[in-house]
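What follows is chain A paired twice: with chain B in the first complex and chain C in the second.
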Partner chain A sequence: MEKKLAVYLCRGCDIGGALDMSALKDVATDEYKIELCHEHDCLCGDEGRELIAKDVNDGVNSVVVAACSPRFMTDVFTFDNVLTTRVNLREQVVWSHEANDEDTDMMAQDYLRMGIVRGQQAELPEPLEEEVDRTVMVVGGGATGLTAALDAAAAGNDVVIIEKEAQLGGWMSKWAKGIPHEAPYTAPQALDIVDQVAAVEANDKITVHTGAVIEKVAGMPGQFDVTLKGNGSEPFRVGSIVQATGWKPYDANKLGHLGYGISADVVTNVQMEEMLAAGKVIRPSDGKAPERIAFIQCAGSRDQDHLPYCSGVCCRVSIKQALMVREMSPETEAYVLYKDIRSPGQYESCYQKAQEDTGIFFTKAEVTGVTNGGGSLKVAAEDTLLGENVQLEADLVVLATGMVPRSADGELIRQYVDAKAVVAKGEEGAQLENAKVQVEELAYLEDAEILNLTYRQGPDLPTFKYDFPDSHFICFPYESRRTGIYPAGCVRAPLDGQAAKEDGSGAALKAVQALEVTAKGQAVHPRWGDMSFPDFALQRCTQCKRCTEECPFGTINEDEKGTPQPNLTRCRRCGICMGACPERIISFKDYSPGIIGNMIKAVEVPDEYDEKPRLLGLLCENDAYPALDAAGLKRIQHSKWIRFVPVRCLGSVNTVWIADALSSGFDGVLLIGCKSGDDYQCHFIKGSELMETRSGNVQEKLKQLALEEERVQIVQLPLNEFEKLPEIVNEFSDEIEDIGLNPFKGF
Partner chain B sequence: MSGNGKRGDILVIGGGISGITAAIEAAEAGANVTLVEKEPFLGGRVARMNLYFPKMCPPSCGIEINIRRVKTNPQIRTLTLATVEKISGGPGAYKATIRKDPRYVNAKCTTCGECVEFCDVERPDSFNLGMGTTKAIYMPYEMAYPARYVIDPAVGDPKETCAKAAEACPYGAIDLAMEAEIEEAEFDAVIWATGWAPPDATQFEGLGFGDYANVVNNVTMERLSALNGPTAGKIQRPSDCEAPRSIAFVQCAGSRDENYFKHCSGVCCMASLKQARYVRDQNPEAQIYIFYIDIRAPGRLEDFFTAVKEDEKLSLIKGKVANITEDSATGKLTVEAEDILSGQRVAQEVDMVVLATGMIPQGIGDTKVEGGVELDEHGFLAINQPQGYLAAGCAKRPVDVATCNRDATGVALKALHLGAE
Partner chain C sequence: MPEALLLKPDRKFVEEVIDAGGGDLKKCYQCATCSVVCGLSNEPSPFPRKEMIWAQWGLKDRLISDPDIWLCHQCNDCSLRCPRGARPGDVMAAIRQKAIEHYAFPSVMGRLVNSARAIPVMLLLVPALLIAGALLVRGPIEAAFNYVDPHGHEFYAHFFPHWLLIAFYTSLTLLTFGGLIVGLFRFWGGMKANDAALGKGAPILGFIPSTIKALMALLTHDRFGSCTDQASRKPAHFMAFYGFIALFIVTTWAVIDIYVMPYLGVATLYPFGLLHPMKILANVGGVLLIVGAGRAILTRKSAPKDGYHQSTTFDWVFVWLLLLVGISGFIVEIFRFVAEGAAGAEAYASGFATPAYAFYFMHLVLVFGLLVYLPYSKFAHMWYRLAAMIYGEHTGRTGPGKQLVKVDLS
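Here is the complex of A and B:
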């Protein structure tokens, strides 16, 4: 559709009083020959909006609103089928700069130029049209998976469950009772796993494949094609996936120091659970009922040599088991040796109940060893409440072992597979030697695949620390790094049964929601509602594979030649591929190397005789942009030499913008984004990190041009430190002024 | 193909992190949501926190994304300064009476702030828990949503406190004639996300809260550490504004205690470990003492505990604090406890004490609920409710932000069921 653009200049909120409005208007009408350019005292008021709405009615389809930040009055300036470009004259210009100042006017004019260029060159995104199958596949038929399946089905979706065992139910079906999660929280509670299995089997929206594992999942959200092995079923299509593959107990064979293996009477909490379910707790060595049981907490947990983390449930499990044993056999005593008893929330009631039991003893202790001694076991401990060094005799020892996720690190498996390919090819050279080493080191990953995704970046969800696959676990706990695939339950974090089930519901919501949103052609979190998607001009692709490698979400596969094959419903629209592409062939309708590059070029760079530096600020729109707004709201002043351009993520910054800016006379470029590293805050996981890597190349280029490396800097700023942002900008500005103007100015 | 049906209307009561998450997740899955919050802004308790454990990242980062999701989603209707007076019915057919208190500032407000200087009446700054003041017409905080000023009628009739401000507003945004409105609405599902409040710590005998200036609670400590707080993030003793050189964290203050609150709030250990980090980041020399019964750092949070334990100037003392006394001349405090590992009595003098008080559930507040709701002995909403109500986050059990988000997401799906066709 032909672009019809209009510009609206707001005089409200100090703008009119601080700026030369007629000069500003001239930018639109004279420089850019925009016929429709209105000024108004309050554009966001009824009259102002009416003014724009009238033009829209008359065919205007691109409006440039120079007023406040786009974070304010968002709905007021949104019109159906109209591209809105907001020029932030308020927070970024008049509230943070001297009024009626030549430089402030120049700044406002530059921002308007950039806005007009965007308004001219960006297109209104159209929704991605892909067929979407609404079936949710749940991998894992334990309590988490069954809950996810039942909940997704109740929301109206078809569901397929894949369970590797012959029966549904998982661990829960092997337990007698659960940790009490309902008032009064004091007695071990009956489990409803049998009812859940029955409900699943009776639900005609749910198809169950037991004794099955996944051979292959090809495709993308809305169109995952699944092939199973093991049960002879036909391939089928699903839309989204909940991975509820659960946990396995930490390998007790590694716990020899706690007596595992020295006597049959040293058992794990899982073995204890099995005995309780069988209705009889015995000493495995002689079948006799134990008189004194020692529960050793944190067996292989909270231990840097084993599992450094806490599994969170073992304390409550031991309390439950002690209470159950005492109920079955009142003469048996239970000793619980712990580091800290962790029974949070209302679960404290169960701990209190156990403490009141005269046959259950709790003591803080560092267990130093378990030995065999004359028919019973001796547990040696230090730092106890009973004294310094204590030896406790017990005839049954229960090791409270922790939970290990049943996950597979897709990225690591991919490295293994790639290394195997290099070895198979057998071409001599250093690469072969490295590959051989890698194949040996990663051999444990043979057949480790769970989902078997046909993703270039690997067949499974990437995992983080301790093999748990998730990402933003505080604010957005289900956001995995593979769109439409949501880990749930103990594969994602060690959880008790009730929490795991609730987690299954949460993941099911995300799986249902992903399909709802994808069917509308929109992006899922965090750019919910975004209709834009990347377009690849593949005829110019040089098969460098950077886009495939750098996409945090595994969107892109590649053919044998290495040409990218985007799977667009996997895409989160962060633009990291666009930033990665050296050929600049990746673009969104409203965000592209060209649009941003031209916006930057629209800035008027004064010549070297003016002694007015120009700095470019590339600002992450998620945190840095709101931080600048907040500073503006507080009227904190920042350098008048900088011109900010918001970017979707620092990872979407194409270094060509930096190179072009410097060659067109900008004196420095400041990139402001979110924190990288283990505690990253980047909403796209590794955008900031990737920009750091790329800036290494930029520094190389600076060196070649004999420009100072300080001219390009990256800053990571948490949003709460917004008051520091103007300071950071000012320091950068001072530094550049000290270095001096860009010698390429004017060339 | 399935799942294309109507997703129903959901009422979410409470606009803290659980309510916001439930509302957004349900709306993005297709439901129409009304989100009711009693304060003039969304964010509740988390908006007042400095940083989240264990990533030490600011809540505003997640809130910013969530607010963007709220304001661009026409399926979410946000009502602030609103409470549910009455509710009846059951799944698929609830009737709620919602009261919307006047803000006295309408949608024309541009947040320019010109009004403020024309108002000379002050109010305690509720965002900062009463530390400091704002004018009667105020912005709750710089990132507040809705981004709009509000007038507090508690400090005087707005017609008097803000008459000049109303005249001064260039946009006609101040409407002093605004009155409370009552709205009746029907919903398919109701989610209680009413959250928690800290207990009144003056009731805890021997701990000196309310008597000694330098005994504060953990929520105050968050504000004292926050850059946008009353001290611009400088942790200082209330008595003399000096940075503390020694500080004691008293865990389970009023919690896990037969005399006060029996439940464990589950997050206070991590909160204190985090606050110990705040102190350490500001003062490498400060002595930090944590008096605890059990340190509860489940899951990967253990890593945070492991790291904090490395701190050589931080001592962990297993023992419940029995008494705190003050030297009135210096404002210094002596914390007395029995170290149950050594069996020794400990009396530690410190500059400042932080009471790790727990989370007291807010239940259904003043809402009249036909048929009632079921609360457990601690005041949390039971999981299964006779009228089919759903509860999310700390209304149901005391949990951290991450767990609130998980829970609220799952509860959003349960709510969708009730409205699915």
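Here is the complex of A and C:
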């Protein structure tokens, strides 16, 4: 379709008073020969919108709105079937620079140039058309999975539950009572898992496969083809997946220092739960009823040598167990030795209740050993509230072990499989030695697969810290690095029964939403509603595999030759593949190496005699761009030499832009992305890290050109430090001024 | 390095402390607010925080031999500030009662005097029977020794002669006082043993200077000055304390005047007239005792439920005894002066005699409860506290400037 472009300049919010508006208008009308260019005092008002709507009616299909940040008035400037390009004159020009200044005018004009170029070259994205099956598959039939299944079914979706055991219900169906979940939260309470199982079995939208595990999940969101093994069922198709595979207790065999193994009377909290369920608490060694039971909290938890984290439930479980024991046998005493009692919220009432029982004794303590001693066990502890080292005699010791997720690190499994392949090939060399070591180290991953995804990057969700499937839960709840697959419950974080159920609900809603937006051809989190998707011009592909390797979401499989095979509903539209591709064959309709490159080239770089440096800022639009807006709102000033171009992710930056900028006379390039590392804030997981890696190549190029390496810098900005951004920009600007202008200027 | 403490929780003791008024002790979660707000607490293991965890674990030996429970003057600043409502002040009071009971000699007395059920018997019936018994044996004894009481003509001596009064009370009081001495020695030994087990308690000040310092603190009541929320407790305690001392001095002097002075050739002045210095001291002491005890009762009665000390039977018996001894003393005195004024020395024959002697009998019963039971009742706190204060000075446990943090409680 032929482009018909119009430009609108807003004078509102200080813009008109701070800029030479006629010079700005000349850029559109004289330089770019745009016939339709309007000025208005308040473009976002009814009259202003009317003005644009009229032109749209007359056939304009690309509007360039030079006004406020695109983060404001988005709805007002959105028109059906029209490409809108926003030029941020307010936050990033007039609110952050001196008014009526030559350099401020030059900046506004450059931004308008870039906007017009984008308006001319970008295309309106068209939705991806893929068939979407709206069935949600829930892997794991415990409290989380059952809740997820019931909620997804209640939302109108068909549901399939896969449970490896013969019955539904998981851990909670094995216990007599749970920690209280209703007011007054003071006494152990019967579990309602039986009702949940019954509700699932009675629901005709839910199909249950028990005694089954997954052999293979092929395909992509909306089109996952699942094959089971174990129960002889036919393959079937589902749309999205909730992984509620739960937890297993930390291996107590590693807790010899706490007496596990020295006596049958040192048991885990799970063994204690089994005894309580059987209705009889005994000393396993002689079958007698224990008179003194010591509960050792954090057994292996919050311990760098074992589980470094707190499972968050063991305190409450031990309190519950102590109360249950005391109720069953009032003569029995319970000693609870804890690092810190963690009974948040209403659970405090249960702790208080236990505390008031004269038969339950609490002290903070670091247990230093459990030994056999004359028919009973001796527990030694230091750092107690009693202010001295203590010894306790107990007939039964209960180790409150923590929860370990039932996860499998897909990416590590992939490494393991690759290493095994190298070993099998048996070619000589260092590679073989490395592979052998790796095979040995990763042998525990043999048969560890859970989902068995046919993804190039491994058969399961990649895990992050402490083997939990990756999810920055505060920022991106339930998200994993595989689109349409949502971990929930104790596989995601250690949770109690109630919290696990809530988690199941949350993940179920995510799974349902994913199907709905995928059916509309839109992206899911974090680019909700984005209809653009990557296009691969495969005839020019050199099979370098960078895109398949770098995609954080496992979107791209590859054939035997290494040609990428995109599965587009897995895609989050971050553009990391586009940034990776050395041949620049990957592009989006409104975001491509060409469009951004031409926008950069549209900036007028003054020649060396003007002594006006030009800096390029490539700004991640997830955190850094809003941060700059926020600084503008606070009228914090930043360098007048810089020109910012928003990018979808720092990982989507193709280094050709940097090379082109430097060769066209820019004096420096500043790349600003999100925080990486363990507590990363990158919306696409590893954008900043990838950019760091790629900048190695950039630095090499700088060397070849005999340019200073300081001319290209990467900054990671945590969003909460947005106020530092102008300072960072200014420091960069000062540094470049000190180094001097780019010697290639004007060539 | 002290050896690891073998924790053997004494649940029975926990329950006893709870029953004695420490009902909220299990609520403590060791935040140490109590020790921080306490104006008297000491370093490095401040009370009442450590006593709370000891009490939770039923560490009886630790608690009853703990000098710190006595260094507490029960202002209850801690209970008011406790975020958990564990009432450390009340727990400390309950532990003190258990300590008095524990060190009681003979121990059966400790149990009997403080048993709520035994109170009517121990406080009324036993003294009444003993006093009545004494009255019954008076005639036969006087006859047997052919004794003519030179004071027999005096108003109350006619009913209950001085010799019998002194023989009866002095012997019984000395008897139980012997028990108190035993208790105090054991307490001292317990404190030393406790500290030895913890590797502390090396003496830093001689026994005599320690005693002088402790006595000064006692006489000036300076520790009471640290109480902030219930500052009125200090004057009440001060008055009752000095009222009692005054009356004790007068009583002792009366005995000396009657039985020692004549041997020195000084004629007895007994019974003292209203303007006799000793009588004036007695009356002032009586008034102080009544006002002090009365104020204490009113304060205790009006104490709000939150934080303020909730008095137990142990407390009530003691303060009421003090008050009633004072009141009955004045009634008895008024009867005497009125009777003497109206009917002269032979007043016992007049119509005043019956009610006057009845009140005198009651007064004697009350005094019995106060004096003879002293080592077993709350009254014993005076001696245990003094012992703990001496020990505290002796081992450097107390002293001004040892407060943890000065907290503005306004």
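Here is the rule we use: the second predicted complex is superposed on the first by the 743 of 747 C-alpha atoms of A that agree within 3 Å, B and C clash if a C-alpha of one lies under 4 Å from a C-alpha of the other, contacts with A are read in each partner's own complex, and residues count from 1 in each chain.
One rule holds in what follows: a contact is a pair of C-beta atoms (placed from the backbone, for glycine too) under 8 Å apart; a residue touches a chain by one contact, two chains touch by 3 or more.
What you are looking at is a predicted structure, and each value in this text was computed from that prediction instead of being measured.
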Clash or fit (per the criteria above) of chain B with chain C on chain A: clash
Partner chain in contact with A:S96 - chain B first, chain C second, else both or neither: neither
Partner chain(s) touched by A:V512 [first = chain B, second = chain C, both, neither]: first
Between chain B and chain C, more extensive residue contact with chain A: B
Partner chain in contact with A:E393 - chain B first, chain C second, else both or neither: second
Which superposed partner A:L385 touches (first chain B, second chain C, both, neither): both
Which superposed partner A:D357 touches (first chain B, second chain C, both, neither): second
Partner chain in contact with A:S688 - chain B first, chain C second, else both or neither: neither
Stretch of chain B, among 330-338, 366-374 or 384-392, that runs into chain C once the two complexes are superposed: 330-338
Shared chain A contacts, counted only where both chain B and chain C touch the same residue: 341, 352, 364, 385
Chain C contact footprint on chain A (complex, rising order): 333, 335, 341, 352, 355-359, 361-364, 380, 385-393
Sites on chain B touched by chain A in the complex: 1-5, 25-26, 28-30, 50-52, 54-62, 64-66, 68-69, 71-73, 108, 110-113, 142-143, 147, 170-172, 226-228, 256, 262-266, 294-303, 306, 318, 340-341, 376-378, 380, 382-384, 397-399, 401-403, 405-407, 409-414, 416-417, 420-421
Interfacial residue positions of chain A with respect to chain B in the complex: 12-14, 41-42, 44-45, 68, 71-75, 133-135, 151-152, 154-158, 181-185, 205, 302, 304, 308-312, 338, 340-349, 352, 364, 383, 385, 465-466, 468, 472-478, 493-494, 499, 502-506, 508-510, 512-513, 515-517, 525-526, 528-529, 622-623, 626, 630, 633-634, 674-675, 679, 681, 683, 718-723
Partner chain A, residues of chain C touching it in the complex: 2, 4-9, 11, 14-15, 18, 26-27, 29-30, 45, 50, 53-54, 56-57, 59, 198
